[in-house]
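You will see chain A twice below: alongside chain B first, and alongside chain C after that.
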Partner chain A sequence: MILPHIQIARGHWALGALFLVIVLEEYLPRRGRDGRQGRSRSQLVPWALMLGAAGVWATTVFADVVHDMLIHTLWGDILFAAGALELARRRGVYERPWLDLVLPLAFLSCGVLFIVHVWIHQTVGDSWHLAMGGLLIAGGVIELARVRSGRALLISPAVLPLTGFALVLIAIPVAAAT
Partner chain B sequence: MGVVDEMTVQRARGTLLQPRVVVAALMILGGLVWAAARGLHFYGLSPINVAYDLDQPPVLVVLVGAWLLYRSGGR
Partner chain C sequence: MKPGVKRHAKRQGLLTVACALIVLAVPASAGAHAALVTATPGWGTQLSAMPHALRLAFDEDVVPQYARVAVVSTSGQDFAGSPEASGAVVIVPLRAGRTGSYTVRWRVLASSDGHTTEGAYSFGVGVKPLPPAPLGGVGVPVAPQILAWLQFLGVVLAGGVLTFRALVWAPAARVLEEREAPDARVAIWVGVAGAVIALHAGLLAFLTGAYPIVGGTLSSFVDSEIEPIRVATHLGQAWTLTTFAWLGVLALLVAAWVTPRQREPLLAGTGVLSLGIALGLSWASHPESHGNLALVADYAHLVAAALWVGGLVAVAMIAATTRSLPSAAREAVARACILRFSKLAVPAVAVVAIAGVYLALRELPSPSALISSSYGITLFVKSFVALGALALGGYHRRFVVPRLAAGATVVTIRRTLTLELGLLLGVLALAAVLSQTAPPA
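Coming up: the complex of A and B.
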């Protein structure tokens, strides 16, 4: 099954908007009832991660290139696993110190998969894939370093590359979305 | 009365300087400028066409900005 290019681009735009929601909800502080600002830790983030995973997995059905199918399946797996672990933590049913590393590692590994995607299958959209992979890796590494250092910043610097990744995904032109 | 006005102004200023409000305002403004520069395509008003109408990059940025503004309130 082959989708028209505009349909592929629409899928990327919608996923970009969803990722933007995830990043902004997770990393931009929200004012509490006491007037203080802090992380929201809402359950919206894990659900959005799992919704994104379902969207990425859809590519496995619609794609006609085996590399695209493989890489998108792995992206879906990572996003679903991260969403499930975060949901368990935010519901209070599973709490471990290493869960702090789930989101940074998910971003980092998804970024690495972008680079692998370019490595194993060159397309006209390679410059976009490299840019997006680089931004995800930067966001993951920055957030990993922040978590490991134990510093509680009001706004994580990782929000910049991660927001950049989402905006690039939204702005991806139709011709490069194949 | 003057004290109340000053408190109201300070509260309003505090609300406007929240990171979420600032980012949301930038996104809505950026999306509107992007829409004006790029142009939007109108597909129609049937359910699937409304989805196409909304799934355009500048519209998505404005929608996420509006959602962020809504989510900037107290927890």
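Coming up: the complex of A and C.
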């Protein structure tokens, strides 16, 4: 009735790798043509977010348990909305100052959903889920604070927890499956 | 290779990797609970005779005292004996049963984390199994009707409005000689609202439809395994397809938002796709025994109604978004819209009426059922309200359109158009109630 662990592991591993691509692309230092540091205009991040949303929504459809469906629906919504807003900003069709908050808020809300997921459905893997939620929340909060302060850093400190989240997302299902 | 080109190539490579990863991600699912791994007989199987026992194997050990299994025939008789659990396996002796479809409802408590999971599926003896049967008296009151109405509303907003724009507004807007239609951004947001409403209402409608099949309490339903219901029922099959289609609609709307040059064709395509999704709504509430003609009639009824209602919503939207134009231009485009809409509305209303009468004749066994059954009474009230909207439409067609063609101002039609729209939204609500009501036998 349920998918084998190897498929579950493969799906989560893929989403973790996709998230790692987003973090590295978005937060590794870059300089514009004028030599000054600038925000990425690459469309890789929004497309990756929307592809991630499609994958998460597919998980909603093929999930076998109701609470998994509900949580993945909200994750899919957040990723899709963040991807659409980022795509519009990077293509120059929609520019607003608050768009700088979209990615950190998406990380923060996805992290909160991890905690909610654990609260709804307690399992033996709770500590790992809590850690993953905590890493996402930490990344979102750090990046929110940096954006609000207006400080331009070479590398955002949010890279650490966000990369940690991606690596855990890759490692845990693989370890569980093997 | 130039640095810019190299960086571009690198990003293209990363994008390709991302695409490959997401393809791998698609068949994923979340787990980590006492889930059913195998069942014998399995769901959807057709046996020649009733087996002596049912075997359920889980991926975690279960507590024997709390294992509950029912194997219920279509008449409601339970054929299951006392379940015996050992480790992760539950075996249930079965009494001899006749040819027919049987619904299995199981509920177990995992010994490792103390969590309850449950689920339902069906198998057949001598016949093809029916979808798992719902339990009487279990359900969420009013929710199915509201969710059906929201799904209709989504089809109206994304399908009716955007298709109307393609058929009526785009040609009429040429009188403005502007590069972009003034309502294009509003139209995108109306489409997004429709798709988001329908997408989420569809999920909740599937869950509220699955809940009576599994039974139990709402809190325990959160832990239910409902994949067999998704695969075996029209409701689940339609939900699977319409979910991906609505995501496609949202993707098209985002594309229309970020590529202004392709906006109009993308919005037109979105409208047509959204109207196509309406087939899923018809399929979900359509028993297989009714045949394909009834399905086509139901779909045509829904699409034509969506065009009619969506057209009125679009007229209101266009009136609001052209306020900033000079009055002469505003008047010209509104007049052109209404005159074109009038031509489109006539065949749409005809299809609504013909398909509606056919479906009514099919569902009602006798004229007296119109006032003696809840289905008939709802249909009667719906027809009455629809006739009111039709009378207003006829008034517009017979008296207002000739005046507009002769040069009268559009403002004279505003009140009656608003009233017609209000009546039609009421008709949609009654149609939603009707879609969740069983026809008289």
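Following the convention adopted for this analysis, the second predicted complex is superposed on the first by the 160 of 178 C-alpha atoms of A that agree within 3 Å, B and C clash if a C-alpha of one lies under 4 Å from a C-alpha of the other, contacts with A are read in each partner's own complex, and residues count from 1 in each chain.
The working rule: contacts are C-beta pairs under 8 Å (C-beta built on N, C-alpha and C of every residue); 3 or more make two chains touch, one makes a residue touch a chain.
Fair warning: this is a prediction, and the values are worked out from it, not measured in the lab.
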Partner chain in contact with A:170 - chain B first, chain C second, else both or neither: first
Which of chain B and chain C A:120 touches, first, second, both or neither: second
Which of chain B and chain C A:14 touches, first, second, both or neither: both
Per-residue contact with chain A, leading partner among chain C and chain B: C
First (chain B), second (chain C), both or neither touched by A:99: neither
Chain B versus chain C as contact partner of A:25, first or second or both or neither: both
Contacts of A:112 with chain B and chain C, given as first, second, both or neither: neither
Touching partner for A:54 - first (chain B), second (chain C), both, neither: second
First (chain B), second (chain C), both or neither touched by A:155: first
Doubly contacted chain A residues - partners chain C and chain B: 10, 13-14, 17, 21, 25
For the chain A and chain C complex, residues of the former touching the latter: 1-3, 5, 7-8, 10-15, 17-18, 21, 25, 42, 44, 47-48, 50-52, 54-55, 57-73, 80, 84, 87-88, 91, 93-94, 120-125
Of chain C, residues touching chain A in the complex: 11, 14-15, 17-19, 21-22, 24-33, 35-39, 43, 59, 112-113, 115, 117, 119, 121, 200, 203, 207, 210, 221-228, 230, 239-240, 243-244, 247, 250-251, 254, 257-260
Interface residues, chain B side, partner chain A - complex: 18-20, 23, 52, 55-57, 60-61, 63-64, 67-68, 71-75
Complex contact set, residues of chain A against chain B: 10, 13-14, 16-17, 20-21, 24-25, 28-33, 37, 40, 154-155, 167, 170-171
